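Look at the two complexes coming up: chain A is in both, with chain B in one and chain C in the other.
Our next item is the complex of A and B:
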């Protein structure tokens, strides 16, 4: 087994476009769950409407920038759709509506025929060509030795990490402000915020929409990187992956989601490469674990590590331990 | 310490007050078959401390919830300082100047004491989503808010705890923080739901002083309390509820010997025996 190759692949995944896209996803979720206490279980739907908004607009002949605007507008609309009926109710209702709403939307997108707007299960491909036409990097390989990106990957990664930087900065500014102070108050006790004259409903809706727009950009990045959108990319498991990344990095911490995404992708890809290498090298007998089992097995490892994390380090890598302990009082 | 404010009104349920800040009429709320609140009329005198007493289950807290928008009445109106409040959501009522506290303190434990205070200030530019990222737009106001918060914390003896998480405060300190926080919202009237409940007896005196202090600054205070010593000690006027209705009101001394009040607390036979 070539351990250097395995490590290089893992690093490439963690600092590549996917690592950045998951960081964005977790940043949006951090605003919802970490700072406002909104239990959004349909987060992946924001990625989906962002990606589909862009893909459909471009495929229908619109320019790429318009596609992004449509994707963002779709995320705003989805936030209102999720929030308006449920944010007046208890937290649990938002969780139910978002998980169900996301699945309904995905099923609707999936159920169209080949000639429908969404192309059903076939999805939409090759809509980001004009994005790659803007690529300032000449053809070639960029990197060090085995850790290298193609010019296309590099271009997506650079744009994606720029978006991560902007989103992180925006979030830091927001949560430091009096607006962020109200969100933290809502997270702890809505009635206290209400009794002090805060329109809790409006703040929650603003949080849901803002975090949703950040997630829509993550969806657009993933769609660009793959040059395809497909309904089966947006299964509910995607939401829980985002929660794993967020909790790993540290809920309600400023760069926790970014670190969480990088570490998560590194470990995820590393285990994959390592297990496959170990099987083909004969270290693990095929009777115990075969190459086809590696995919499901590493998802089990993700679940196990999330459980261990909650037990031994509930604040994640960067969260404040005191805040978690205060809950126990 | 000015003398207690004399409320020039008749000691009769629903009596007219010379300068009422809050007027409640026909307020009714029932849960299924149980009538929780049925207040025909109640006027609360501006600038006075009014105590709301009554046995358990008399509807005091429900009445508070109805007044502050945390629950909706089945019928009736409440007019605060000339503005109709009926049916308004809690935050609108708070902004109108009627701010409440809760029986179980709602100090925001994971926020610092100072942040708890700053949160309560009204009309903050930085609370608008679009202004929030632009520090310049709200920094000046934030400094004013902070100065006011520190001033109040000093008054309430909490200044040295300003950077501690509110969850680390003792029960009495939390009550103090909640009272100070209410003042940050610059109310005209405060509604305190059992401000002395769960407080270390040594702190009760200090809390009472602060409640008097509110009145001395021109605020109207309406508070629910079980401890009769507290009620008799600081209220200018006492309203007694029983089974959802106002059964008696008047100056503290008069209410304490009111037959209807004794009856509500101790039952009919005791009241008759007391007459003898």
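Our next item is the complex of A and C:
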């Protein structure tokens, strides 16, 4: 096993488009969970509607920019749909409705036949061509040896990290504004915020929708990077990955989600490469862990680290302990 | 030989037929075959549905030559169902149990031949009323399973305030343990009933571990509700993938009672094993109900669920009660898993699939109340199963969610919940 190669692949994943997309996902979730205390377990659905909104619009003949607008509009709609029935109630209800709602939506998208709008399990492919036509980078390899991107990957990565920078800046400004202070007040003590005359419900809804729109952009980035959307990309586990990224980086911290995404993807890909290498080199006997078990085993580790982080270091790498020990009840 | 001659049909290999035109899929993988009746004549206009994990991939109708084919997205395992209601009069499946082929493996770029054996019609289909009542009874079966499995979820919330997103994994655990002892072949196989008893005991032990190793220490540290929910999410993810590694992805039935013909009870048809499942589920609910009403421990559980502080002040050892709830709730969840495994199949994420239905059940019935979970489970089970009369079965969760949201809007405390602010 070539350990240098494994490390190079892991670095490439963490600074590539997917790392950036996960950073965006976690930034959106940070607004929900970190700053407002909303337990949104259907976050992956925002990515899904963003991606599908774009893909369907382009495939039906619309221009790419319109597709992005449709994706964003779909995320706003989904936020309202999730929030209106549940945001007046305790956090558990939002958690249950969002996770179930995301799954129902995914089932609906998946259930269409090959000729339906969503193409069911076949998904939609090759809709981002006009995005790649805008690519300013000439053909070629960028980087060093194994750690190189093609001009297409570089273009997606640059756009994605620019979006991450914009979203981070936006969030810093938002949470420092009076609006953001109300959100944090709601997180700390909802009744206190209410007794000061704040419309808690409206603030929560605004937070849910804003974070959802940020996540929709993450969904669009992932869809562009793969040039395909498929319902099985958006399993509930995606939401739990986003929580792991956020909590690892630091809940309610400004660049926590970004650092979390980079570190997380490095570790995730490194584990994958290392385990596969170790199995093929015979260090791990096939009876203990086979090649097909690597995927589930990685997810086991994600679950375990989510638990351990939450128990022993809830503030993650960058958060402040007193900001994250939230208790909505 | 005679049998082979009488048995009718051989689907013909139709290599490459699946890769028809369209060109949307590069893979060209597919399934296909030819339908012929006993006399070797093509059977026309029969609908074949191809699904993967409950989602429809495509459907086809047999053409004038009895040929049909469906393109699939690529390599994988698919379920192919022949829609019996589209068979012409006088033609029926030789073996109605083989109406759905669960395990059709398609290789990349190839069309997999699929055979359906057709013969002379003897079986008359169920009438509409019978189909409805059969669904109703099956809904009752699912409702009883849900009720058994979700009593623990509701009571654990009641006594600790914890919404356990890993409760589904307790359900799966029961089914897996029963499978391990009765059908895996790893240990000398014992009857399913005995394996089920072991599964329930093991489930209770897992509940004990949950409380003593994880949740009691966390309560001592005064961890917040939200942190605990995230911990259960991590725990669920961990267990689910552990199960996946141990059990592997393929759904498998228990060895016993796999092939059973439905017995006609007049207005509805029911497999004997489902009748047993319903009887066991109902008995378990009655026992739990009596235990909660009559015994000291049961009364203590309800007291703690009502008000923890008052219960503690009146001399109840709250920690012991919580431990008992965890053990009992997890044992019931394991029983629910075994019952569900008997009726359907055992799968590494079967509990997670049921989790959303269980949440709908406990919220509908009233979070924190055991009897609410029972009522809610029955309603959700019947509603989601009867809905398949009009809708495809894959929308079961959607129906449950619709009922759930309706309940949250109209009566957030649930049917049996006390009126109080829940927001």
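Heads up, the rule we're going with is that the second predicted complex is superposed on the first by the 321 of 329 C-alpha atoms of A that agree within 3 Å, B and C clash if a C-alpha of one lies under 4 Å from a C-alpha of the other, contacts with A are read in each partner's own complex, and residues count from 1 in each chain.
Following the convention adopted for this analysis, a contact is a pair of C-beta atoms (placed from the backbone, for glycine too) under 8 Å apart; a residue touches a chain by one contact, two chains touch by 3 or more.
Since the structure is predicted, the reported quantities are computational estimates derived from the model, not experimental observations.
> Based on the shared chain A superposition, would you classify chain B and chain C as clashing or fitting together?
Once chain A is superposed (C-alpha atoms), there is room for both chain B and chain C without a clash.
> Is A:145 contacted by the first partner chain B, the second partner chain C, both or neither?
A:145 sits against neither chain B nor chain C.
> A:287 in the overlay: touching chain B, chain C, both, or neither? Say first, second, both or neither.
Neither partner.
> For A:85, is the partner it touches chain B (first), chain C (second), both, or none of the two (neither)?
Touch status of A:85: second partner only.
> What is the C-alpha-centre angle with chain A at the apex and chain B, chain C at the ends, nearest 10 degrees?
90
> Looking at A:39, would you say it contacts chain B, chain C, both, or neither? Reply first, second, both or neither.
second
> Hey, is it chain B or chain C that touches more of chain A?
Touching more of chain A: C.
> One more residue to check, A:136. First (chain B), second (chain C), both or neither?
Once the two structures are laid over each other on A, A:136 reaches no partner at all.
> Mind working out whether A:306 is in touch with chain B, chain C, both or neither, as first, second, both or neither?
second
> May I ask you to decide whether A:120 touches chain B, chain C, both, or neither, giving the answer as first, second, both or neither?
Only chain C; A:120 stays clear of chain B.
> Contacts for A:111 in the overlay, against chain B (first) and chain C (second): which applies, first, second, both or neither?
A:111 contacts chain C only, not chain B.
> Please work out how little space separates the C-alpha atoms of chain B and chain C at their nearest point after superposition, in whole Å.
It comes out at 8 Å between the closest C-alpha atoms.
> Show me the chain A residues, by the header's touch rule, that chain B contacts in one structure and chain C contacts in the other.
326, 329
> If you look only at chain A, which of its residues touch chain B in the complex?
So the residues of chain A in touch with chain B come to 170, 173-174, 176-182, 184-185, 187-189, 191-200, 206, 210, 322-323, 326, 329.
> Show me the residue ranges of chain A that touch chain C in the complex, using the header's touch definition.
37, 39, 41, 85-86, 88-93, 95-97, 99-101, 103-104, 107-108, 110-111, 113-114, 119-123, 231, 237, 240, 243-244, 247, 289, 293, 296-297, 299-300, 302-308, 310-311, 314, 325-329
> What part of chain B is in contact with chain A in the complex they form?
68, 70, 89-92, 94-95, 99-102, 106, 108-111, 115, 118-120, 122, 124-129, 131-133, 135, 138, 142, 165, 167-168, 181-182, 184-185
> Which of the residues in chain C come into contact with chain A in the complex?
The touching residues are 22, 24-25, 52, 55-59, 71, 73, 161, 163, 165, 218, 223-227, 229-231, 233-242, 244-245, 356, 359-360, 363, 367, 392, 394-395, 397-398, 400-401, 404-405, 408-409, 412, 422-423.
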